[in-house]
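Both of the next two complexes hold chain A, though its partner changes from chain B to chain C.
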Partner chain A sequence: MDYTGKIATPRRTSEVGGVVTLLLTLAAYLPGGLQAQEGASKLPDLSSVWQRSARPVTPAPEELPLNARGIGMRDAIDEAQHPMYDCVPAAIPHILGDPYNFSIEQQQDRVIIRYEKDEIARTVWLEGHGHPAALSSDFSVQGFSTGRYEDGDLVVETTHFTFDPSGIEDKPPMVPSSTSKRTVERYSRDGDQLSVEVTVEDPRFLTESVLFSFQFAPTETPLEAWIPCDPGQARNALRYMPESELKYGIR
Partner chain B sequence: MKRNVSMFLAVATAAAGFQLLAASAGAHHSAAPFYDETTTVEIRGVVTRWSFVNPHPFLYVDAVDEQGETHEWIIEFAGAVRMRKIGWSPETFTPGEIVSAIGHPPKAEGQYGMFSPKIMREDGTVIPIVGSVGGAGVAPR
Partner chain C sequence: MTIQDLIPKGGSAMRAGLLVFLGAALLLAAAPSMPHHSFAAVFDVGRPIELTGTVTRLQWTNPHAWIHVDVENADGNVEAWRIELLGINTLLKQGWTPGVLKPGDVISVEGFGTRDGSTAANASVVTLVDTGQQLWVSATAESREDY
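Our next item is the complex of A and B:
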C-alpha cells in the first residue's frame, strides 16, 4: 500500500479505527503536522538539487523493441525533424540524460521538479489529494503527471504526451513516441545517491516497455538560470550534414 | 582531407591520436552527424560576433584562407548554462579580438564551422572549455 493511500483510504472498520482514520484523513490536509509524523519513516526526503553522478544506462538504439510501425517511424524520421532544432524542450526520459541539474520540491499535495535544462518545471500531482483528472487539453510535451509514495520511493506516472519525433530515442537514429506513450519514474534515495528508473511504454511503437536508469547525487549549488534559446541559430548545425547523408535531400 | 582555412595558415591534421570528444560535449545534439571527427583544422581570425545563447553559444570568426579569401567560421560550444558554470558569459569574447581554434570541421563541403574546439586568445592563452580534450578544457560531466 502506498503512503498516501494509507492516510486517505480507510481500511479499518472498528469504531476506534474509524476515529483514527478520520484524524489521519484530516491530517493529510494539514501542512506538516500529523502527516509528517505518521509517515516520517516512509516518506523519502528527495527535496534537493541533484546532479548526475554516473553515466545514464539507456537501451541501445538497435535493441529497442520496435514493432513494425515503430520501425517505419524510425526510418522516416530524419535529423532535421528533431524538435530541439526549434528550441522545443526535451521530455522524460531524455531530459534526465543530459548533464544538467534538476531539483525536487516536495509539497503536501504535489511534487515540483525543475530542470536546469530548457527551464522546465513539472508538477506531479500526488494521489489522494483530489487533483483533477487529465483533460484532453492536458496533452503537452511534458505530459500530465501524477505520483505517489510507495515503499519509500516516489513513483511518478505520466501520460498525455504529444507526438514527439524524439520521444523514445533522441539520438540518431531517432525513434518517435506517440500520444499513447506512458512513463513510470521511480525515485529511490539511498543515502546520498538518488536512483531514477524510467520505464517507457508506447504500444503504438514498442512491443514491450524499455528502461532508462540514471544516478544523481545532491549538490548545494542552486540551479542555474536558463539562458534563452535562439531559434534563429538553433538549426545552425544542420547545414553541416553532407548531402549524401540527407535522408530526403533537404535540410 | 585537407582544407585551406586559416587567417594566415591552413592546417589539416589527420586525427589519429587527437580526437576531440565533441560527440559527448553537446548534450543538446550529437556532433557525429555534422562534424568530421577524423580530421581537425586550425583557424586564426577576427571575432565578428559572440552569441551567448542556447541551445549552444556561437562564436563568429572571420578567417582568411591561403588564397586570400575571407570565410565566416561559426564555432559552436556546449550548452550556455554549462559554459556559464565555468565562467563563460556574454563578455567572454569581444568583436575585433583575434582568436585561434583547433577542431573538427563540418562534414558538408563548403561549410565553415567547428564544434567545441580548443580555443586560444591572441597571446596563446587557452580558454577553459566544457567538452573538449587535448589539454584544452574541462571534461564533460
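Our next item is the complex of A and C:
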C-alpha cells in the first residue's frame, strides 16, 4: 500500500480539506485507530506466537464431497510428483496442521501471519483501508488474503491460490484444489485458546464446502529461524516409495 | 553393534504389541496434515522396528533431519540405516543441536520401517545407549498424528 501517495493528496486539495485528510490519514496510524474506535470492545487480541493445543479436526477423505472432476483429479494425482518434494510449502488449511508454531501480528491496516516452517509470511489486508485489489499476478501458493474483524473474531478470506495437488486433501489419495479455491478462516480467541475454523470452497472439484478445525494456545517461545529446505533432502523420502505404488512408474 | 532386530524376528510379544498399538494409534490419528511428506506414502505402520547401531552422520537439514547408523544384522553384516526425524526446528525445541550426536555414538531407535523394505525408518524414539538419555520421543498417539 502506498501511503505516501495518500499523504501527498492534500497538496491537490483545498488547504482545509488537505489538513482534514492528513489528520484522518495520521489517525489511521495511531494505536487502535479509527477502526478500533468504532468497535474497540470487539477487536480481539490475537497477537502472539501460537502452538497447537489439540488434534486438528479434518474431513474424512472418503466423505469429501467431490464432484466428477474432483474424483477424476484425485485418481490422477501422483504423490511422487508433488511440489512439496521440491520444498514448495503447504497452504491453508494444511499449513495449520504442520507441527510448527506460527505468529499473528495485528497492525492497523493489515494482519501479518508468520509460519515457522518455511518462514512463510502472509499479509492479510484489512478491509476499509484501501488495500490493493488482487491481480492475476497475485496468484500464488498462499493466495491473496483480505480480512475483517467480525463479532470479536478475525475473519480472513483468501483467493488467488495456484493449482495445488493437495490443496483439499494432503494425504494419499490426495485431492487437489483449483484456482477457484476460496478459503475463509475464522480466528476466535477464548482466553488462552485460539480456535481456527477454515472453510474451503472449490466449485471445480467440490459439490459443497468442507470445514477444517484447529486449536492453538499461546507460547512465550519465539519463532525459530528456519534453515532453508534442502531440495535434495526433500526428495529423500521418494526413494523409499515402493515401485509398485508409483502411479506412473516414475519416481 | 548388535541389531536388536526387527520386531517380527526377535522382539518380545509385549514390545511388539506395544508397537502394533502405536501403529494402530497412528492409523487412527492419521487425519491431519504432516510436516512434509505423507507418512503413509513412505513408511509402514505394520513394520515396527527396533535397532541399535553406531552413528556415522547426522544430517542437520530441513524439511527432515536424518541420522545415519551402522547396524550389525543377525548375520553379522553391517547394514547402513537411515533414520528420519522431523525438521530442525522441532529438534531444537527438544534440546537438539547439530552436535548432539557424533560419529561413534551408539543409539537405539524405535520406529517404523519403509514400505519398500529398505534399511530406513522413521523414528519414534531415539535413545543414547551410554547414558540412557532419550533424545527424541514422538511415540504417543498425539505426536504420531503429525505424520
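Here, the second predicted complex is superposed on the first by the 214 of 251 C-alpha atoms of A that agree within 3 Å, B and C clash if a C-alpha of one lies under 4 Å from a C-alpha of the other, contacts with A are read in each partner's own complex, and residues count from 1 in each chain.
Methods note: contacts are C-beta pairs under 8 Å (C-beta built on N, C-alpha and C of every residue); 3 or more make two chains touch, one makes a residue touch a chain.
Keep in mind that this is a model prediction, so the values were computed, not measured.
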Chain B and chain C placed together on chain A: clash or fit? clash
Query raised in the report: Touch check for A:58: first (chain B), second (chain C), both, or neither?
Result: second
Query raised in the report: When the two structures are overlaid on chain A, which partner does A:233 contact: first (chain B), second (chain C), both, or neither?
Result: both
*Can A:94 be said to touch chain B (first), chain C (second), both, or neither?*
second
Which superposed partner A:72 touches (first chain B, second chain C, both, neither): neither
Partner touching more residues of chain A, chain B vs chain C, is chain C
Which of the two partners, first being chain B and second being chain C, lies in contact with A:222: first, second, both, or neither?
neither
Report task. Could you say whether A:152 touches chain B, chain C, both of them, or neither, answering first, second, both or neither? Result -> neither
Residues on chain A touched by both chain B and chain C 79, 82, 84-85, 87, 98-100, 116-117, 171-172, 224, 226-230, 233-234, 236-243, 245
Contacts from chain B onto chain A in the complex sit at residues 27-30, 32-35, 51-56, 58, 74, 76, 79-82, 84-85, 106-109, 111, 113, 115, 140-141
Chain C residues touching chain A in their complex are 29-38, 40-43, 59-64, 66, 82, 84, 86-90, 92-93, 114-116, 118, 120, 142-143, 145-146
In their shared complex, chain C is touched by residues of chain A numbered 55-58, 60, 79, 82, 84-85, 87, 90, 94-100, 116-117, 170-172, 174, 221, 224, 226-230, 233-234, 236-243, 245
Within the complex, chain B is touched by chain A residues 51-52, 79, 82, 84-85, 87, 98-100, 116-117, 171-172, 224, 226-230, 233-234, 236-243, 245
